[in-house]
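Sending over a structure as C-alpha cells; questions will come in a sec.
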C-alpha cells in the first residue's frame, strides 16, 4: 500500500473521530449543565437521581455504556435495531458519559462562586435566571476551563472506543492498515494525528483562558 | 413630619436554637441617618440583612413606605419583593463587586437589566456617580485592579445607581486599612449632607456619633438603647451600653 | 542474563550440529517445519515455540517414541526444506486447497472455511441473497481480508450494502440478533457453535472461503504420513487432541479428523474417556457439509 492511500484511509478515520468529538462536545457540554443543576437541586429525590446517574456514568467503563446504548433497545425492549443507529448510539453514549463528568466540573465551579455574588445580584434585583447567566456563569466558565480542557483532551483519545460499536474511526483504521501490511507506520501516523489534534485543542483552550484572564 | 421609608415591627429570628433577633422594632424616616452599633454577635448585621431581604424573619412586619413586604412573618409575592428591592441599596462589608465586569459595567448592569432604563441616561448617571466617588478615569478598570477603598466606592456607586430611597451599609469599612477607612467615611458623610437616607451597621463609634441622627445599640438580639446620636454616645443610660462604649474607647 | 542466554544459544547450536552428525544414533527424529509467526498454530512466546500444531506434533512424537525437532523455516523455502529432507513434514495451519497434488497430505484436520450466518427469518438463502445487505465480519480475520478491497472475494463484498467490522465475533452475532446487521461472515467452527446455541440462526451452504488444513509430507512418503495420521486419530479418539484444541481456541474443538483407535494400547485410553472422545468428534465428524445440510433442513421446517 502506498503512503498516499494509507493517509487517505487514515484521514477518512480521522474525519469520523473529529465528527464524534464535535458532536459529543455539542451535546455533552450543555447537558452537563442541566445535570449539574439536577445534582444541586434542593429537591432531594431529584438530587439523588442525578447523583446515582453520575455515579453510574463515572463508575462503569465507557465501552460498556456504548454497548448498552446500542444493544439496549433490542435486548431490553425488543426493538429491532437499524444499522444506521450505530453512529447515533456512539454519540448518545459519549454525550451521556461526558455530560456526567462535565456536570461534576460545573458543580464544583458553581459551588466555588462566593455566596456574596448571589447576594449582591439579589439586592440589585436580578432575577435568578439573570443572576446565573450574567453573574455566575461567566465566572464559572473561567474556573472550569482547565478541568474541562482535560476532559476534552481525554475525549479526543476516547473516540477510539467507538470501534466497540464497529464505527471505523482513525485508530481502528490504523490498526487495520498495520495488520494488513505488517507496518508500524499507520500507528506512528495515528499518534501524530492525535497529538496534533490535541495540541490544537489545548492551544485553543489556552487562548480562551488567556482571553478570560483580564480579571482576578 | 417627613415620611417613614422603612418600618420594622417585632422582628424575631432564630438560627437553630439561637435567637438572634428578639422582638426588634424601629423605623427610619426620609433623610434620616441611623447607625446600629453593638458587640459582635449582637444581631445587628442579621437585622440589616433581614431588612434587605437577604434573610427572612420568622415573626414580625416589614414595610418600605406604603409597600407591605412582610406581615406576621409571611412574605408578600415575587412582584412586591422585586418592587421593594428597588427601594433600597446595600453596601457589603466585602464589596462583592462582579469581578468579570469593569467598573462601568458594575454600576450600569442593574439599572439597565433590572430597571430597564435608557442606556445613555444610565451611563451618564454612572459617570457622574463615579466622579462623585473620586473614581473618574477608572471606568474601564476591573475590580481586581482597584484598592479596597476604591472597590468599596464602586460598590456604593453601584448601589446609588439604582436610585434607592434608603441605603444600607453593613460594616462598610471593616475590611479596609485605616487610611482607606477614612475615604469611605468621607463618602458616607457627603451622602449624609445630601440628605441621603441611610442605615449603617458600624464599629466606628465616633463616626456614627458625628454622621448619624440616631443610634441604635444592640446586644444579644435586643435593641438595648436607642436615641439621638451624641446623647447616646456621650450619656448612655443602659449599663450594657456604658460597658460597650467604655470597652470601645479603651480599645480605641 | 545476556551471558546465560548466549551460552544457552551456543549450546543449542552445538547440540544441533551434533544432532545432525549423529542422525542414526538413539531415537528416531521427527522434524517438523513451521512458520514461527502464525499463531495460534505455531509461534514464539517467551523464547519458546508454542502453538496448536506444535503441541499436536509433540504428542504424536511422544506416542511414537520419536525425538521431536521443531524447525522454524522460511515459508518461501518450505519445499526445498521438505525435499532436501531437512524436515519431515510441514505442520503449521497448512492449507490443502490449491496444493492438493504438491504434497503427500494427511486427512484434513482443521476446517478453516469461512461461512455466512444469517437469521432463518431473513429469507437469505445463498451468497447472492446478501446483495444490498449489511454484513458483519470480525476485524483481522481472513474473511474480512477476502471481502475487502483487493481480497479474493472483493466482488462478493462489493454487492453488500455495507461491510461492518466488529471488534469480536460475539458483537457481530449480537448485532445479527438485534437486527442491526443482516449477516455475519465468520469461521465455520464458531458459526456452527452459534447456530447450535440459537435456533433462529442458520448457516448458508455456500462458503465464502473454502479452506482446510492438513499436514504436508514429501510426495511419496506415505509411511510417515500414515504413522503420524494414525497417531493423530488416536489422539482424537482418546480426547487428547480436543484438550489441546481447547487450550488454543477458547475451549472449542476445531478438529475435523475422525478419531480411530488403532493400537491396543490406545484402547485402554478410550475406555477411560470414551464420552469425551465421542463428544469431541460427533458434532464435526465426516463432511461438515452433512451437518450443515441437516441444519438447513431444520431451518426449512
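The first chain written gets the first letter, and so on, giving A, B and C; residue counts start at 1 in each chain.
Following the convention adopted for this analysis, a residue touches a chain if its C-beta (ideal position, glycine included) is under 8 Å from a C-beta of that chain, and two chains touch if they have at least 3 such contacts.
Not measured: the values here are computed from a predicted model.
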Chain separated most widely from chain C, comparing mean CA positions: B
Most centrally placed chain - per-chain CA mean versus overall CA mean: A
Centroid spacing, where centroids are CA-atom means, of chain A and chain C in whole angstrom: 44
Centre distance in Å when chain A and chain B are each reduced to the mean of their C-alpha atoms: 46
Chain B-chain C separation of Cα centroids, rounded to whole Å: 89
Residues within chain C bordering two or more other chains: none
Touching residues on chain C, where the partner in the complex is chain A: 134, 136, 139-140, 145, 162, 164-167, 171, 174-175, 177-181
List of chain B residues in touch with chain A within their complex: 52-54, 82, 85-86, 88-90, 92, 94, 96-100, 109-110, 113-115, 142-144, 158-159, 162
For the chain A and chain C complex, residues of the former touching the latter: 67, 70-71, 74-75, 80-83, 85-86, 163-164, 166, 168, 172, 175-176, 179-180
Footprint of chain B on chain A - complex, ascending: 114, 116-117, 119-126, 130, 134-135, 138-139, 142, 214-216
